[in-house]
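Next come the structures, one after another.
Consider the two complexes below, in which chain A is the common component and chain B and chain C are the respective partners.
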Partner chain A sequence: MGRKAYGKKRNWNLIFGSLILGTMALLAVVSLWYTPFDPNAMNGLWKNTAPGLPHLLGTDHFGRDVFSRVMAGSKNTLLIACSVNLASSVIGAAVGVISGYFGGWLDEILMRVNDAVLAFPSVLLALLVISIFGVGMHNLVFAFVILFIPSYARMMRGEVIRMKAMEYIGSAQAIGMGSWRILWKHVLPNARGTYLASVAIGITNAVLAESSMSYLGLGIQPPTASLGRMLAESQGYMMRAPWSALGPGLAILGIALGAGLLSEGIRVKGQGF
Partner chain B sequence: MLGTNVTEEQAEAIREELGLNDPVLVRYGNWLKGIVKGDFGVSYQYDKPVAELVASRIPVSLGLVALALLFLLLISIPLGILIGSRLHSVWDTLLMGITQVFQCIPPFFMGILLTLIFGLWFRFFTPGQYCSYEDGIPEFLQCLIWPALAVAIPKVAMVVRFLRNAIAEELDKDYVRTAYAKGLSGMEVMCRHVLKNAMIPVLSVVGVVAADLVAGSLVIEQVFSLPGIGRLLISSISNRDYPVVAVLVVFIAAVVMMTNYVIEALYRAVDPRIRRGG
Partner chain C sequence: MKKVRSAVGLLALTLFCSVILCGCGDDKNTGSQASNGNVSSSEPTYGGSVVVGIQQDLDSLDPHKAVAAGTKELLFNVYEGLVKPDPTGDYKPAVASDYTVDDTEYTFTLREGITFHNGNPVTTEDIKYSIDRCAGLLDGSGKEPLVSAFSVIKRVDIVDESVVKIILKEADTELLPFLSAAIIPKNSAEDHSFSGTGPFEEVEWKEQESYTIRKNENYWGDPAYLDEVTFKVVANANTAVAEMQAGSIDIYPYMTDEQAASMDGIYNVLEGNMNLVQALFLNHAEKPLDDKRVRQAICYALNREEINTIVAGGRGHLIGTGLFSGFTKYYQSDLTDYYSHSVEKAKELLKEAGLEDGFDLEITVPSNYQFHVDTAQVMTEQLKQVGIRAKIRQVEWATWLSDVYAGRKYQSTVVGLDSTLAPKDMLAKFYQSSSEKDFVNYSNPEYDELCEKAAATTDDDEKIAYYGEMQKMLTEDAVSAYVMDPPLLVAVNPKLEGYTFYPLYVMDMAKVYYQHS
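== the complex of A and B ==
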């Protein structure tokens, strides 16, 4: 499609995606041992100070260091996003592979349930789950895991059905390989690229959904630092301290964008460009 | 409901009055019976019938979603056509970059950014201002413009990218060359042939996006302090006002299902192949 004929095109999506997400992840990991200030320590003398030294991103209305809080908040957000996607992608992939490979009535049932869950946007379903089970971080993670399973299941099912039509699977069956061995040796390794790309986009979705829920006060509870919660708190002080809104907002954008670019990059790479 | 200084007897009396001592199934049965008869229960926190409470807030959310959908279509279709027919041009590269970033901005942050930039710095509108729909529809809609934009923009980015790819794919097909060979202008080919075909995959995305708009609107009401369904739901969840939560959950689920149904119907109307079941 109009690409230049010479050389290999740089995969900028992959490069920028890894860089941005890597930076955010680094900040998050470092925050486990070190933050410039205690993220929850209040300081009455330094309320709403502009970015500069020693407070890189300024301070909020309690005099807490925005940069430290962004670091700690990113850690919580990434932790939730990764654990949710790890759990839901493994369960979803299993459901999808079994459903796609064996087909029949099992496939029919699993996919109808899938469709029902997929018809609702994740924030909406999370709101519904939270309104039934109550507010809290564990409930939120639980809700997201359930909500993220169907899209993985559908993606893996599509991959498996596409692969089943290919000759090498037929050949494997012809030499007498068992179903599970074929799944493990041939189907799963070939679905790796698609799987990784979906996990990356899943992280984008989880970050956006988690921050929305925390913004509404239904996710991570104070005083634990959370990017969404910080945005909600900063809203009353937007005129005097816009940095306390921009810091966490840009952090959310960074994680989501980094994971999104990475997903695009992995997808393009898998197509052999 | 009773405050903090409550005796055990008073609490027990309230529980009995509200029917909280009945078994779960009995309560569910009573609730269902009420719904069928049009009685949706009474809110704990406002002491008003739930139906009245919800009904007074529906127009706000409805207006917001409708306006957001309007913006979505008005902005994304021209942009999608613009870059879809000029692949790898400067416009394409620029817009693909911008939309990549914009689709990663959660609606509530978009709302905060709009408030900060256009409300506080440029003073195009007053943050936190709300005009009731009872005071006049034009003013009401004017107050909803910025919230609707905040919900729509991230989704516009998504739809533009999708439309671009759909149009680019259609432009490669033989019937486009035939149309040009017949002597149609570029504009005519686009409107009469390409767009019709490219809209089919886009419609399915708009279906998903429409449900997202509903979800985004629930959140954005909190950002702009609009008294709609979303704020009612969130305050009810926080205050454990279960009769309201139950009705809203059912209501929102019904709205999303209806949206899906409408999209499905549109899908059939646009694509004759699906209508004939082939």
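== the complex of A and C ==
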């Protein structure tokens, strides 16, 4: 580590990004087994109490522990963000790689469909899906996956087209290597950095998208905690109990900032190779 | 990177927007409060306009066809019936100047010189048309009355230019409150040229946005103080608070307890009753809610005191049956504690019904009513303790009206029911199996028989006895899990005075005025 520090600038983005996102993820994972209080348990005597003991981040207008809810909310929000990005990045990458590598009419068709989805305002598209299939966590994930595929496809396609012009791909083709083998052995490994960086950005976007949908009352249904819903519910108590907004607000900030820094860190690290 | 930046922008917006809004509002309102502090007299002045926040858009501008309580409470300012309720709940002559009741004959004398907002004088023809329309008698059939209580009307006779007689099929002493149904010009429904006689006249309706009314200069009674009132649709109570703090709403009638506390010192908060029956209404056509034991288990599982403390700050009036205390002599207050909270009893009943492992219950709630959404959240927690896995489904108001109220496609719902002050309007309208509004699908021949008996009798003591029995039946059958008559917390700009509470779900703007300054 010491030697590396002389040769290169330390990758602060990567370090802080992983730290912040790691903390949030840890909180979320721990909430599966332990939260200081039951995140949904209400207590009429403890309504809107300020941060302190035993309620570290205070309580909301139902007397629920904000810290426990932030933990549970982060879990739900991150769960959505991760599943959305896992699904949409795999599908999106597949579409992008195929369309970029093979080109021709296949590329035309895939990319025009892609453009059509992209042309829709994102919130409107999500609203459309939810009004057809109804509110609920699964439908929300489904809506976001559709929403997120095009940007992944676009990005991977660009990456593949750039790579196709490189000599090593040409050489591989010259020695008679099959297309799928080239994709698997040469193209995909080289696109890894870009892919990971965009997944990190995707996580940020999904967290914010989930928050705004829940904020509109169309995401996760009460009383289940989600960061966006907590923000929405605490809106009316801003003056009396600002902590009930501060907790989820900071959590969203943490996840978004962490993922953003991580993405930048991965990108820089990728360039270093 | 552009995406990240816009995303961070959005985040910043959600986080700080309301802070900034609150900040601005604060300054402005502290200012107005200071000036208010100097004025101690509250002499009424004429003129000025106010903006009133409302929770939902109007469902219809047709005064006879509007079904939503939130619409009727506004139209109260524009339309009047032959009679009209006053703040004590008595029905006083309005379009009629006088009336006499003689068993099956109601005789009304038209008020002299009264005109519609369109300038035309009200005639007895208009009265006949309006009553006929509500009774479904326009085509002579009387089959589909818009006001179900009017099915008792046989015909409307015009005696002369100023006297109208309503002839009933049988005596009905409860008809008077229903005769507050709007009087509109003859044939006005055909081209939607409605016109009323109230203290305010309609200016315009912007869908999903606002409804504006202005003072009727030729009003027959005490004229309104304000020149103009705009009812502005505010999506939720939280937005309303922000708007009030910014000073863009003068009156907002549906504050939650905590919000009311946050308005302290900025706006005056007045407290009354909403005059609603708030309950977890259960659809008897849905399994397992068709089982009385399951419904009773739900009643036992709910801790209404806790609900009251958490969502209403303890200011609501708990009820145990389908009427609220505004019904005075008819209301059975001793049923309130019939189901006192007991987790054991609830579990026992579920076990008897073969549901010891609990069951899934979907609670549909109109998302614009914060109060009902909050109530549903507390209920979800309480039901969990007896093993009932409740899930909340928020729907828009229009969807609620079409799917739940009209379509009866729901399992359970939290909402409040309003009514005129005739007990029939609650007890027969919502629970008699033949009623179109029996949206809980309650069907009990004994109950139906009582409904008929209560309607038929003209003896008040008998009537009270019948309605008492009906309320008892509603409670014992656990037709729905009745919760409370919620408190009505009205935030009012401190410059305004005269906001008056009624024992009914109405909002009377004619009595509101700006203080002399």
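Note that in this section the second predicted complex is superposed on the first by the 263 of 273 C-alpha atoms of A that agree within 3 Å, B and C clash if a C-alpha of one lies under 4 Å from a C-alpha of the other, contacts with A are read in each partner's own complex, and residues count from 1 in each chain.
Note that in this section contacts are C-beta pairs under 8 Å (C-beta built on N, C-alpha and C of every residue); 3 or more make two chains touch, one makes a residue touch a chain.
Computed from a prediction, not measured in an experiment: that's the story for all the values here.
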Combined model on chain A: chain C and chain B, fit or clash: clash
Touched partner set for A:Cys82, first chain B, second chain C, both or neither: neither
Which of chain B and chain C A:Met42 touches, first, second, both or neither: second
Partner chain in contact with A:Leu253 - chain B first, chain C second, else both or neither: both
Which of chain B and chain C A:Gly63 touches, first, second, both or neither: second
Partner chain in contact with A:Val123 - chain B first, chain C second, else both or neither: first
Partner chain(s) touched by A:Ser212 [first = chain B, second = chain C, both, neither]: both
Touching partner for A:Pro223 - first (chain B), second (chain C), both, neither: second
Partner chain(s) touched by A:Ile201 [first = chain B, second = chain C, both, neither]: second
Touching partner for A:Met238 - first (chain B), second (chain C), both, neither: both
Overlapping segment of chain B (options 98-106, 170-178 or 260-268) - the one that collides with chain C in the superposed model: 98-106
Common interface residues of chain A - those touching chain B in one complex and chain C in the other: 135, 204, 208, 211-212, 215, 217, 231, 235, 238-239, 245, 249, 252-253, 256, 260
Chain A residues touching chain C - in the complex, by the definition given at the top: 40-42, 44, 47-48, 61-63, 135, 151, 201, 204-205, 208, 211-212, 215, 217, 221-223, 231-233, 235-240, 245, 249, 252-253, 256, 260, 263
Chain B - residues contacting chain A, complex: 87-88, 100-101, 103-109, 112-113, 115-116, 120, 127, 168, 208, 211-212, 214-216, 218-219, 222-223, 233-234, 236-238, 245, 249, 252-253, 256-257, 260
List of chain A residues in touch with chain B within their complex: 1-2, 119-124, 127-128, 130-132, 135, 204, 208, 211-212, 215-218, 228, 231, 234-235, 238-239, 242, 245-246, 249, 252-253, 256-257, 260-261, 264
Complex interface listing, chain C residues touching chain A: 3-4, 7-8, 10-11, 14-15, 18-19, 22, 237-239, 241-242, 245, 256, 258-259, 261-262, 306, 309-310, 367, 370, 373-374, 376-378, 380-381, 384, 391-394
